[in-house]
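In the two complexes below, chain A is the common chain; its partner is chain B in one and chain C in the other.
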Partner chain A sequence: MTIIALEKICFAYPGQPPVLTGASLHLQAGQRLSITGPNGSGKSTLLHIALGLQRPSSGAVRIFDKDRKEEADFHEVRRRIGLVFQDPDDQLFCPTVAEDIAFGPLNLGKSRHEAMAIVDRVLGDLDLMNLKDRSTHKLSGGEKRLITLATVLAMEPEALLLDEPTNALDPENEARLLEILLSLPQAILLVSHSTPFRAALAPERLELQGGRLVPM
Partner chain B sequence: MTHVLGPQEKALAGSGALARQALIARLDPRLRIVMACVFAVVVVALSSLTALFAALAIALSLLVMSRLPWRRTLRRMAMMDGFILVMLLLLPFTVPGDPILVLWGLAASWQGLWQAVEIALTANAVILAVLVLLGTLEPVTLGHALHRLRCPETLVHLLMFTIRYLDVLHGEYQRLRAAMKVRGFRPGTNWHSYRSFGYLVGMMLVRAIERSERILGAMKCRGFAGRMPLLQEFTLARRDVTFGTGFTLLCLGLIILDVA
Partner chain C sequence: MISLTSPLETWAHRVPVGWKLAALSGATLMLFSLQSIILQVAALTLALMLYLSAGSLFARSGLKTLRILWPFFAVIVVWHLIEGTPQKGLMIALRLANTVALANFVTMTSRLSDMIDVAAWLLTPFRHIGLKTRALEIAIALVIRFTPLLGRRGAQLIEAWRARSARHPSWRIALPMTVLALDDADHVAEALKARGGIH
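After this line comes the complex of A and B, so read on.
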């Protein structure tokens, strides 16, 4: 099954030269794919387009074999594909870790009781139970990153989009993150500048050159 | 001011090309602040309808002189009316006096109606003058001019920091909203939505405080000790003196008209 199919995506931020000029990408179930490219080449934008946070000026967005054009088309997409943001602070906004992880399941219509059970399971799986009642803005950089991953995994997505997940992580936390990601069954689309991390998690690579994706 | 200004607009006047030809835009910012304050105080003190209509006429002629897009500026003025509309509609019913009509057992009075008209005229004349005289200033220029007018330094700093960090906070808000969206959040009328918005606002406040502490730290590292040097200088030109004198005379005229 093709999870994400982006066809000839063009995109420009208002008043700026286009960042994407016909980028195409396919992600199959279980596939691990990485995207590289210089700063500002549109890697994050591409992930945002796949989840409908930005709309391309032209090109087709097909997710789970359905054309996605309107905001309403993306509600299902966001339920089934998880995006881990570049800056963990952009993602964590609830007072405590438990509430932040429960936020997604609650949006999916789970009861409070079910949501708390999911929180326990996800934190247990990631061995982060000790952080459950901590305040989100007092976590260390590494802890924040692992918790953002937990908030996304709590929604049981079929694919993960990771935007620079190793940013500002020390080697120990990076190794831990890699170990967790390698044990997951989900398809992964990785944006990362770290060559060893890419080689370990998603060796298959596309590079953004002049607004297009080129296989390497 | 982001909700009043569209994207890409810094001041109401928009591009510099327009500002250069217009008479108001060439005036000393300090003079414009002082004149806007004088006009506001005078108009609020007026009580006769004739004088109030004259004041509104003066504000409208300022608008013509400024060459601002009048349609957009008047629409902004109307936005302010939205805030006082309910009060204006209720006034005739709450002020006792000679009845005009009875609605659902409540009597509207002529005295109340005149008061509502007075308030509407005062508010619109003042807001229009402020929009024309001050709205055409770049926010940063406004800060500098207030500083030169010996406005308390803390208030000026507050204004300058607001200008600087409004976009940063707005960006943070939008990123958090996007993060909520991708986790399936759709606002509705339920406790989960209320609580989530509460968390959003709370988290933004906490982050803003922490950010301000980091900024203060960074400023201290560069030798900040409670004073910020503001470099912009202003000079009064002849046209400023002419405009200032003329405008003061007009304000005096309004008072005389009101008393007469």
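After this line comes the complex of A and C, so read on.
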């Protein structure tokens, strides 16, 4: 099954030259794919377009074999695909770890009891139970990154979009994150400047060159 | 809501949040009706004893957060000295110290999810007439989450200023601070949408 199909996507921020000028990609179930390219080349924008957080000026967004154009079309997409943001501080918007992880399940209609059971399961799976009642703003950079992944995994997504997940991680935390990601069955679309991390997690690579994706 | 949560579990954590909020409301009403400085000082002593009853570490942590009130005390006292009403100034400052100290105690000893549950219960009548209250409940969590982050952003800007200037940071950091806050708000809105938004 094709999870994400982006066809000839064009996009420009207001008053700026276009960053995407016909970018296309396909992500299949279980596939792990990485995107590389210079800073500002539109890698993060592409991930945001896949989730409907940005709208392309032209091109087609087809997710789970359905065309997605309007805001309402993306509600299902955001339930089934998890995006891990570049800056964890952008992603953790609840005061405590447990509340942040529970946000997604509660939004999916789970009861508070069910949501807290999911929190326990995800934190247990990631061996992060010691962080459950911590304030999100007091976590270290590495802890924040692992918790952002937990917040997304709590929604049991079918694919993960990872935007520079190793930013500001020390080698130990990077290795731990890699071990966790390698154990996941989900399809992964990875944006990362780290060559060893890409090689280990998603060696299949597309590069953004002049606003288009080129297989490498 | 100056502080987030206590660094340690206390007896007050086991008291239902609804009771604590009701007691806080009652105490606040009473403090505003008291017109005696002596009674306000007595109330402040009781508030201090409340903090100490939860242990010295808790008391230190809680009282440390109340330091943020000093500039407000200074403005109130100076203003009333100029006005020639120092007793009134002292009364207002004591009332402020009492109410904020008690509110901070409740915040420190309550889980946010329990506070939101109480808010959701209080908003039940609005839901009965078809209004969505989830946004308001999330807004409470966002304010508590991002207040320390905004403080950190401000501190980072001041550090960046000091790194390149021997002069004291001025009002000129207000504009970049505002831009950063708006930028953060934008990012958080995207993160909320990415995890299903608010329904």
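Simple rule for what comes next: the second predicted complex is superposed on the first by the 216 of 216 C-alpha atoms of A that agree within 3 Å, B and C clash if a C-alpha of one lies under 4 Å from a C-alpha of the other, contacts with A are read in each partner's own complex, and residues count from 1 in each chain.
Keep this in mind: contacts are C-beta pairs under 8 Å (C-beta built on N, C-alpha and C of every residue); 3 or more make two chains touch, one makes a residue touch a chain.
Since we're looking at a predicted model, the values are computed, not measured.
When the two complexes are overlaid on chain A, chain B and chain C occupy overlapping space and clash.
Judged by the touch definition given at the top, the superposed model places A:104 against both chain B and chain C. In the superposition on chain A, contact of A:137 is made with both chain B and chain C.
In the superposed pair of complexes, A:15 makes contact with chain B only, with no contact to chain C. Contacts of A:193 after superposition: neither chain B nor chain C is touched. By the touch criterion stated above, A:62 is placed in contact with neither chain B nor chain C. Within the superposed three-chain model, A:151 lies in touch with chain B and with chain C [touch as defined at top].
Contact with both chain B and chain C is seen for A:85 once the two complexes are overlaid on the shared chain. Within the three-chain superposition, the chain B stretch that clashes with chain C turns out to be 200-208, the only such case among 20-28, 56-64 or 200-208. Residues 48, 51, 53, 75, 78-79, 82-83, 85, 87, 89-95, 99, 103-104, 107-108, 136-137, 151-152, 155 of chain A lie at the contact with chain B in one complex and at the contact with chain C in the other.
Residues of chain C that touch chain A in their complex: 4-5, 111-113, 141-142, 144-146, 148-149, 152, 184, 187-188, 190-199. Against chain A, in their complex, chain B makes its touches with residues 7-8, 172, 175-176, 178-186, 192, 196, 199-200, 202-203, 206-207, 210. The touching residues of chain A, counted against chain B in their complex, run 14-15, 48, 51, 53, 75, 78-79, 82-83, 85, 87, 89-95, 99, 103-104, 106-108, 136-137, 151-152, 155.
Chain contact summary for the complex, chain A toward chain C: residues 48, 51-53, 75, 78-79, 82-83, 85, 87, 89-96, 98-99, 102-104, 107-108, 112, 135-137, 151-152, 155.
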